[in-house]
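Got a structure here, written out as structure tokens. Questions coming.
As written, the chain order gives the labels A, B, C, D, E and F, with residue 1 at the start of each chain.
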Amino acid sequence: MKLLYLNPNSSVHMTDGIVAVARQALPEAEILGWTNHGAPPAIQGPEDGAAAIPGLLAQLPAAREAGADAIVIACFDDVGLDQMRVASHCPVLGIGQSAFATATLLGLRYSVITTLAVSVPVIEGNIRASGYDTLCRGVRPSGLPVLTVEAGGEEVCQRLADEMRQARDHDQAQAAILGCAGMAGLKAELARRTTLQVIDGVEASARLAAALAQMAV
Amino acid sequence: MKLLYLNPNSSVHMTDGIVAVARQALPEAEILGWTNHGAPPAIQGPEDGAAAIPGLLAQLPAAREAGADAIVIACFDDVGLDQMRVASHCPVLGIGQSAFATATLLGLRYSVITTLAVSVPVIEGNIRASGYDTLCRGVRPSGLPVLTVEAGGEEVCQRLADEMRQARDHDQAQAAILGCAGMAGLKAELARRTTLQVIDGVEASARLAAALAQMAV
Amino acid sequence: MKLLYLNPNSSVHMTDGIVAVARQALPEAEILGWTNHGAPPAIQGPEDGAAAIPGLLAQLPAAREAGADAIVIACFDDVGLDQMRVASHCPVLGIGQSAFATATLLGLRYSVITTLAVSVPVIEGNIRASGYDTLCRGVRPSGLPVLTVEAGGEEVCQRLADEMRQARDHDQAQAAILGCAGMAGLKAELARRTTLQVIDGVEASARLAAALAQMAV
Amino acid sequence: MKLLYLNPNSSVHMTDGIVAVARQALPEAEILGWTNHGAPPAIQGPEDGAAAIPGLLAQLPAAREAGADAIVIACFDDVGLDQMRVASHCPVLGIGQSAFATATLLGLRYSVITTLAVSVPVIEGNIRASGYDTLCRGVRPSGLPVLTVEAGGEEVCQRLADEMRQARDHDQAQAAILGCAGMAGLKAELARRTTLQVIDGVEASARLAAALAQMAV
Amino acid sequence: MKLLYLNPNSSVHMTDGIVAVARQALPEAEILGWTNHGAPPAIQGPEDGAAAIPGLLAQLPAAREAGADAIVIACFDDVGLDQMRVASHCPVLGIGQSAFATATLLGLRYSVITTLAVSVPVIEGNIRASGYDTLCRGVRPSGLPVLTVEAGGEEVCQRLADEMRQARDHDQAQAAILGCAGMAGLKAELARRTTLQVIDGVEASARLAAALAQMAV
Amino acid sequence: MKLLYLNPNSSVHMTDGIVAVARQALPEAEILGWTNHGAPPAIQGPEDGAAAIPGLLAQLPAAREAGADAIVIACFDDVGLDQMRVASHCPVLGIGQSAFATATLLGLRYSVITTLAVSVPVIEGNIRASGYDTLCRGVRPSGLPVLTVEAGGEEVCQRLADEMRQARDHDQAQAAILGCAGMAGLKAELARRTTLQVIDGVEASARLAAALAQMAV
């Protein structure tokens, strides 16, 4: 089983972090992680997303050559997912879609906790377009930029925990989805601070991609 | 990993068939299969579904005692799924939901091939209520009763293959979902007769249930 | 005309209160009220709802024997309505559905005033699933537990009146639906305190059940 | 209890027929029937509907003076319902809406059997706009003009029965809604020819209007 | 090119203001403006809307005689649009619909800034019924009555600018739609005070009506 | 006014034809037409669409330099529209979206007549995702390949006219949308053969793009 994580942005450091989480989630598989050199250093809003697509599509021949059994687009905005799906030789998942599917399969009402407000409409649009809005109770911006989130620390965890409390008390959510690849490393700590079930898209995508690749579809 | 398949009807023979398919799909797990004694011998329409629910709910204490990591309701109608989810100690999946989720995660337009017309509204209702209608192109009755389907044979395969052809040519589907637990055993043969991707809910539920149970949600 | 109110919980006191309201609403009919002995003492959230269903279904043979012309499930969550409808010999209504239908037939935008926040997702889900969301402007928890509401008194009325004011000023609602069977007895008092039209599901269900039973459908 | 039926077209004969059906459905009430003199002789398509609205609105002062407890717009297209509702002193129902609400309250999947194809989009639009599409399985034109339907006879009944058979076998409907005020008189005969439950909007509107007027909303 | 603006209310002063804005937006066309004498002096809520419809319909013969190439209903509530469309000899646009279509064609998420809260449900209903809700992020009442808005001045502009800031920061809108014909004259001033794109329905309707009339549809 | 038509495929001949139609529709503007060299010779299905996107995005700097007031993506599938919109300096329209918007603004129920069945899901998906499905009655494949359509001739016109008749009689459509850029040249001939209103996206996009570019949004 060989899973390929494609990071749509050009930050190698972020690629490494994502691959580490995926390996922990699925130790039995070989996890590759490629960076989208030439793309913006971070995907902040739809402009960055558009700029990342040509680079993603250009990696598909190499992905096939590398023998990837499934590809995961490692950005919560699921940048270019539609285009990649139709052009790829193997299943392509997004970490956003994987998180939404996990909550839906478990029948859990969920809220997404994300970074800046600019990401809210993109995520909401993805949820609605793919039909995962039945159980969605809200998309909540924490006001924290991606890099701050990734750095972690007490203040960041407290801010995210505050938002999860709102998700539970105001949205009546049963699960909190971590709405940024950079939050994956904080999952264990965040789960300690809430009674909600916590869903991380990187972990979910690893498990679901393996499940799909092993089905004889 | 211990998966428990609950067959909502009272047919032990059907339980055995489902367990066999699940074991083949997920050989690394322990697969249990329980029959809903006292329920109708087959779930044909919503009346049978209603009659099966008390028996399903009554099995939950034993399921917890048996240490089930996940439960699958082994009927394509996903009988009692909402009630079971809220009352269970572990994740509960339906084979219908598992099949729809698989197609959605793969981004494939799908049609469901089922048995009698009486099942169509139940399945359509489930697809719409859970938000999986975005990619659904139709629910097609084959006109074959459950027992006939389960018995298999050339005539049955031909009838189902005809319907898959309609799904491809008329519905523009990319995948055919086998809309009855009794079709699981025919999957390999049916896949040979079509260019569509073929999704079986029993196999899908085994893979997805394992993936969900292994996530630290 | 014989209407049977089935209280899904095991509180005889609540059954009596509901029957009294229904008799006042429809003095020309015979009103029966049965309690779901063995069920939880109150339906608080979906777990209680699931636990109540087997007992409800078990009462259907006696309901037929008693000659019920229509059955009303006397819980605003409409517990087990789908299952009861398909298994019953006569029309089955819920008091939630009856209230939503009344507002919809009158063309009134409505908000629901309910008890605790835990009930909000259940009620919202029912409204959406049955198509009554076109005119729904919100489901508002008052923060009052069922028993407190039932006990009534000045403080309770004031709290509910506050919430109705919000429904009018913030939601632009034209009608307030009393979102708990325990509020039925307070309707006259609450109507005095608001310019909104006030709809009570117990009263609505009595009138609508009689209307449906008298149609030659 | 005084119910006022407003026939949006100028055919006095049709008004008389509708009033007769309503009286039979609700013998305990006083039923008035007014004709929209100056309007088209029949409402065939949205142009006729638009032409009928000013005349309907102009009758509201007299309706108030006559002491109507509820008004029913006696055209299956529910012509001018939104405008009448906001301008009237009492509840205003449409016979289309009343039929859809009846099926929804009974939890029955339904198809509408109507006259000419030109009416299909109007009826479909009304169903969708008011949220009654959850259980709707189709709107079927019989190809019979209104006057032919009203005249009745063996051929007409056979044509409508054929369409009801399609509704049952193809749409998987459980109920057939008679989609034209002119079919009300044929209900008993049509019910004899089908296993579907048959819902007539004139009868339904009489019963529901009385129920609503008697509620203390 | 001859465009006819029909003001549904009886205020000649408002008609003049609307015509002036339309002429500025489309200097190459002949712009007519007619007042609905006999209608309420302002359309405040759905009752006024209902009262305006007969007068609007009555103007259609004269509109045809005057040789109008397109008609615009000059009220943001799009009063009587459905009825006028089917009865008119030429295209009929509403200024609300024109504004929503502009935002949709540009792919901009938008919020509507309107006058009093009483107008919110009407506008929301129109957006939903016509399918323009995909990009709509909210309908925001400013609390300012129509006449106050029309009078303009610093305080009014500040209030509207405040609401546009909320639209940007809270709703994540990219465009603000001016939700009242009386705001058309303030557009330039309001655009100076925001980074959002500002859409005025009077201007949009002039441009779009001309575009449609010139197509050979 | 300078409008830039970007043909997503590499066929120069098709670019020329589109530009000719656009010039006729909007003689007062300067119309540019660029070909997507390096892309597939025709956009047949979503794979071709994905392959065309990088080339489209790469043309944006030159488009800005050329002073385009608006860009039109000249493929009925609206390939890459979302990505182009966020990355462009000026409004970007698609010819599919322009046609749907025209029908919606005119309040006309419409069916789309397209080429091969493989295009149906793409077009249906676009209609639903952008909210233009309220008036859509169907997307009908003619079975004719793009090149055959472009070549025109009696047989092609007859096939398309047949499908328009179905749209009118079966779908109850009021307008037929020509669902392929290659049909633009046949519009006059097709309009002669039907009582439906005929909408061509190339013409519509020219008129609407000019209208939008001239608004001071």
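The rule is simple: contacts are C-beta pairs under 8 Å (C-beta built on N, C-alpha and C of every residue); 3 or more make two chains touch, one makes a residue touch a chain.
Everything numeric in this text was worked out from a predicted model, so none of it was measured.
Participant: Show which chains lie in contact with subunit E and also with subunit F.
Facilitator: Chains touching both subunit E and subunit F: A, D.
Participant: Listed by label, which chains are in contact with subunit B and with subunit C?
Facilitator: A, D
Participant: Which pair in B-C, A-C or C-D has the same interface as E-F, with over half of the contact pairs matching by residue number?
Facilitator: Comparing residue numbers across B-C, A-C or C-D, the repeat of E-F turns out to be C-D.
Participant: Call it same or different for subunit A and subunit B: same when shared residue numbers make up over half of all numbers used at their interface.
Facilitator: Same; most numbers are used by both subunit A and subunit B.
Participant: Need the CA-centroid distance for the pair subunit A / subunit F, whole Å please.
Facilitator: The mean C-alpha positions of subunit A and subunit F differ by 34 Å.
Participant: How many angstrom lie between the CA centroids of subunit A and subunit D, rounded to a whole number?
Facilitator: Each chain's C-alpha centroid was found; their separation is 52 Å.
Participant: Provide the list of subunit D residues touching at least two other chains, using ranges where the numbers run on.
Facilitator: 82, 86, 129
Participant: Can you work out from the touch definition every pair of chains that touches here?
Facilitator: A-B, A-C, A-E, A-F, B-C, B-D, B-F, C-D, C-E, D-E, D-F, E-F
Participant: Touching residues of subunit E toward subunit D in the complex: what are they?
Facilitator: Subunit E reaches subunit D through residues 45-47, 49-51, 53-54, 57-58, 82-84, 86-87, 129.
Participant: Please name which positions on subunit D make contact with subunit B in the complex.
Facilitator: Subunit D residues touching subunit B: 109, 137, 169, 172.
Participant: State the interface residues of subunit C toward subunit D in the complex, per the touch definition above.
Facilitator: Per the touch definition, subunit C meets subunit D at residues 25, 81-82, 85-86, 91-93, 97-98, 101-102, 104-107, 129-135, 175, 187-188, 191, 197-199, 203-204, 207-208, 210-212, 214-217.
Participant: Taking the touch rule as given, give the residues of subunit E at its contact with subunit C in the complex, in rising order.
Facilitator: Subunit E residues touching subunit C: 117-118, 120-121.
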